[in-house]
Amino acid sequence: MAASSEDGTARWQYLNHIRKTKGPFNPPTDDEDVTPEMLDTLGKSTILVIGAGGLGCEILKNLALSGFKNIHVIDMDTIDISNLNRQFLFRKSDVGKSKAEVAAAFVERRVQGVKITPHNCRIQDFDEDFYMQFQMVVCGLDSIEARRWMNATLVNMVDEENPDSLKPMIDGGTEGFKGQTRVVFPTMTPCIECQLDLYAPRAAVPLCTLATIPRQPEHCIEWAHIIAWEQEKPFPSLDKDDPEHITWLYQKALSRAEEFKIPGVTYSLTQGVVKNIIPAIASTNAIIAASCCNEALKIATSAAPALGFEDNYMSYHGDEAIYTNTFKYEKKEDCAVCGSLSKPLEVDPRWTLQELVDSLATNASAQLKKPSIRTDSKTLYMRFPQSLEEKTRPNLEKTLREGLGLEEKQEIAVTDPAFPALSFKFFLRFT
Amino acid sequence: MLKIWSMKKEQQKKDNDEAAAGGKKKKVTAAQLRVQKGTNSALSPDLNELSLGSTMTTEFPDPDNILEFILTITPDEGQYTGGKFTFSFNMSPSYPHEPPKVRCQQKIYHPNIDLEGKVCLNILREDWKPVLNLNAVIVGLQFLFLEPNASDPLNKEAADDLRQSRDNFRRNVKNSMAGGSIRGVQYDRVLLK
Amino acid sequence: MTEIVMSQTPPILHGPSDKEKKYDRQLRLWAASGQAALESANILLVNSGCGTVGVETLKNLVLPGIGRFTIVDEAVVQNADLGVNFFLDETCLGKLRSKCCTELLQELNPDVQGEWFPKQQGTVELDQVLLDSPTYTLIMYTMPISPKDLAALKEYGQQHHTPLVAIHSAGFYSYFNIQLPGTFPIVDTHPEAERTIDLRLTKPWPELAQFAEEMTKDMDQLDDHEHGHLPYVVLLLHYLEKWKETHDGKLPTEYKAKLEFRETVAKSARTNNPEGGEENFQEAVAAVNRNIKEQTLESTLAEVFSHEASGNVNVKSSFWVIAGAIKEFHKKHGCLPLPGGLPDMKAQSSVYVKLQGLYKAKARKDSQEVLEIAKSLSDGRDVDSAEVDLFCKNASFVKLVNATTGDQDLKEQKANDSLAEVTMMPLSLFPIYLALSATTHEPTASVDQIKASVHSRLPAAADDMRVVQACEEVARAAGGELHNISALTGGMVAQEAIKIITKQYIPIDNTCIFDGIASRCQVLRL
């Protein structure tokens, strides 16, 4: 054997050879040689993985074998038997344990020298200080809501005075033989919210069809789920992972189907409809997770141009031959997250809210004559509807700092009927 | 690491972007922003004059949470005149990707509202689109009191009554609004006076 | 081990079996039949070089539960392996890579059997392994490979009709090439549900026509509720009959006639209601374009019919017997057997269920007729009725892979590229294939050696700027695999292997090239 396992030279020879050798597609201006110190920066950066499921397991493996040494992973889920056909870091004996913990321990055991810190909780449990420690975020999520939250958090964290506040976000998603990878440089390139219309909302059937004229097995299952459950409340609350609850719904749906002579209600279909199960396989996760990590490696090392500033989205279709579409998704000007970044607003902390409102009308960059104002948790003043206006009117008399408890750098959102499609965000700068 | 920051500075120079944000506090979520904008346009006085008239009011139990409110409808036309109906509105953090959840808070006799208060209105479910706003939903609810729809009901008995005899249906509506029973189901009293 | 997952309704109070639970998310894609095919598959990987891409592929096949796999690999585990291959750890250093990877892969799924060669460090006689092993369902080999081993695999593939997959991953590039044993037909192609609908509106069978006639005979007398719940199939059949009366028995299949017909249907809706129209009529209007058209054969099926006639088919598999029977059915009736599905539409439950029953009964009848024709053909005695049912259901979407012989070449790719600005198509990845495949036997070749090799194969290509760049990028990798590119390629190869083994969905024909710099693929027939 050539080198000891402590010596990374032999172990990382394939990766480092490519990193040290310039290729024809590296930017021409980037002419400095890659020194051993520069090779080492990869090991010194800290990267965050969101999700330790189908994509997450693959992402952890791929990052560990891409030379990342400090990895954190967040997942609040526990391991279910139906994960085992693709979440390859888990075994049958792990069912019921924390995904983040089992996955982190497995990859640490397998790949020497990598440190993976698991967080068995929700992403919302952490604040910006926590997220500030990472250089990059790779998401392998199955929920739109979590993606939107992470995206908004990373966009909002960008601070003009702090270069480290800009964290590239790489996001993967799969469904059956299909999937997509996208790269977001928060505030610079289109964000997840800009692309929200790429998610088709789940097709729904009219309630009245469920209630009176069911025709499909799915109609009977939805009826059991939405109507019968609520009328009969067989258990205190519906747990979609409890087989007893699913069995109850299945039997309800089955007897309704028999009543209307509708064929096709099965346990598996019941489970699929109620839990909105999306088919998932190992190979698709492998493709999308590896694509995400390939972009992460390219961004972290500049070894080759990455997605982001030109093309920023790759969609993959594997059911009919193989087809990829790699394109540039455009930024949405009126994006609720990155469309209007907050601007500084100079205010005297001793002003009343009324004075702030008046100043918005005369402020050259705002010119908002009928503003309504909120912070993230407090309605300061809403002009419409009437009931809300009455309730918030007393706030107009209060002073900003003493009366309303506003602090320096507090963000406020302002809307105005003159600009129905826009909202303006400011952060307070006390004079 | 890719030299992202210098690229950002260059991009800003190009866009002459004075947008700036320094170490900020917690942010306003996308859903809240949409509702804030939505309430502005949906309930602005000009629209009040146009379509909402004086038959509707809103109430925010917690003014700091604009994602939950109560809408009161007091129809001044149609069979439900003289009644007062309240609906709870609830917008999840996924709004407007998902429609608002709307429930009638009284047990009422109406072909398109079931005894639990669920409402069959296309834009609350199958036809919801993120570009729709609360105004569309409110107009839709108002319409249900003007024109109850007998085909494809949620309350099948009420629908059958409406189809078979408008007079009978009208009597049942009056009776139910006064807190009476129809076929063994007792309805909530919703009369204004 | 080979217990077959049943797809029938589980008895009440009995949930799914452990196996159904474990494989739930994939059974929703390829069902019990696909799973059974996977579980009886026996796969060989001939591994070499950095050795990661093949092992990553196997991982994605072991997880969904293939029957067994074998790894042939002479390498002994080095330190460099541990920086790129996840299915090795510190304890493997100095041991046989084939054995170590087999053991760590097998650990992923206790239902899968693993085997490895050689048994002791040294060389392996691939011929002997092939001779001694049970027949392989599919063989994969990675680059670099010796010309001798390559010849042995190709010969085996021809003899046993075994699909061969060549895989090459180096640096940011990869490609894989699938050699299928002759024409490869697929019945269960999983087309989008809405494409498969055949309502037979232009050619209703008597029971359907009668059903529509009865429902619409006193249409104007129907009350609003009933009128508003006539299924759109019934409405369209009714108005088509009326249309024919005033148009010399012709159907509105031309564009202009269709517009006019749509107008007629739209105008017939009642508007004396709060909505000012009827949903079922809206559905009818929307269904005109898709459902009222001359019956034409899908090009893929036409290809099956002509292929069948060309006598190119030497093995009379059940596929070709059924294809022959359907061809005869088509000749006799002027249409294909009815698939039998009915989309959801506004209707009363009982009416919809009745209508659905009509379509199902007709589909059964057609399928029965095809079965009878098939049984009367030579080689058709043992044709299975379930296979006929499936074929009839999917007839329009049956696909032949590897049926053509015309390969794409550089000239054609360059011609396409010169139009790229107009057609908005991305540039060809053919240069990557040229450069990478030039290192099939010499992974660490220099730029000049790679260019020379390309030149000797395709003199015209050697000076092309994009080919030169690809050669430089390939030389840069010096045969080293990047884990991400190999993991990604392993995912793609596994998807294709699953499609070939289950005979579901549509495999590529026949080479997929991946560019990890631009992050995109291209499939070419080479």
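A, B and C label the chains in the order they appear, each numbered from 1.
Throughout what follows, contacts are C-beta pairs under 8 Å (C-beta built on N, C-alpha and C of every residue); 3 or more make two chains touch, one makes a residue touch a chain.
Keep in mind the model is a prediction, meaning the values are calculated, not measured.
Asks: Starting from the Cα centroid of chain C, hunt down the chain whose centroid lies farthest away.
Replies: It is B whose centre lies farthest from that of chain C.
Asks: Higher C-beta contact count, B-C or A-B?
Replies: Contact tally favours A-B.
Asks: For which chain is the distance between its Cα centroid and the global protein Cα centroid smallest?
Replies: That would be A.
Asks: Just curious, how far off is chain C from chain A if you go by their C-alpha centres, in Å?
Replies: It comes to 31 Å between the two C-alpha centres.
Asks: Where the CA atoms of chain B average out and where those of chain C average out, how many Å apart are those spots?
Replies: 45
Asks: Can you check how far apart chain A and chain B are, centre to centre, with Cα atoms defining each centre and the answer in Å?
Replies: From the centre of chain A to the centre of chain B is 28 Å.
Asks: If I count partner chains per residue in chain C, which residues reach a count of at least 2?
Replies: Residues 229 of chain C touch two or more partner chains.
Asks: Among the residues of chain A, pick out those that touch two or more other chains and give their numbers.
Replies: Residues 213, 298 of chain A touch two or more partner chains.
Asks: Help me check something: in the complex, which residues belonging to chain B touch chain A?
Replies: 1-5, 7-8, 11, 18-30, 32-34, 36-37, 39-41, 43-45, 57-60, 63-64, 66, 93-94, 97-98, 112, 114, 116, 118-120, 122, 125-126, 128-130, 152-154, 156, 159
Asks: Report the residues of chain C in contact with chain A in the complex, numbered from low to high.
Replies: Against chain A, the touching part of chain C is residues 9-10, 12-13, 15-16, 18, 20-29, 50, 56, 59-60, 63-65, 78-80, 82-86, 89-90, 93-94, 107-110, 171-172, 189-190, 229, 344-345, 347-350, 352-353, 426, 468-469, 472-473, 476-478, 480-485, 487-488, 490-492, 494-496, 498, 505-509, 512, 516-521, 523.
Asks: Quick check: in the complex, which residue numbers of chain A touch chain C?
Replies: 1-3, 5, 7-8, 10-15, 17-18, 21-25, 58, 61-62, 65-66, 81-82, 84-86, 88, 91-92, 109-112, 176-177, 181, 213-216, 243, 246-247, 250-251, 254, 260-262, 265-268, 271-272, 277-291, 293-295, 297-298, 304-305, 307, 311, 314, 316, 318-326
Asks: Looking at the complex, which residues from chain C come into contact with chain B?
Replies: 223-225, 228-229, 274-275
Asks: Flag every residue of chain B that touches chain C in the complex, lowest number first.
Replies: Touching chain C from chain B are residues 143, 146-147, 149-151, 163.
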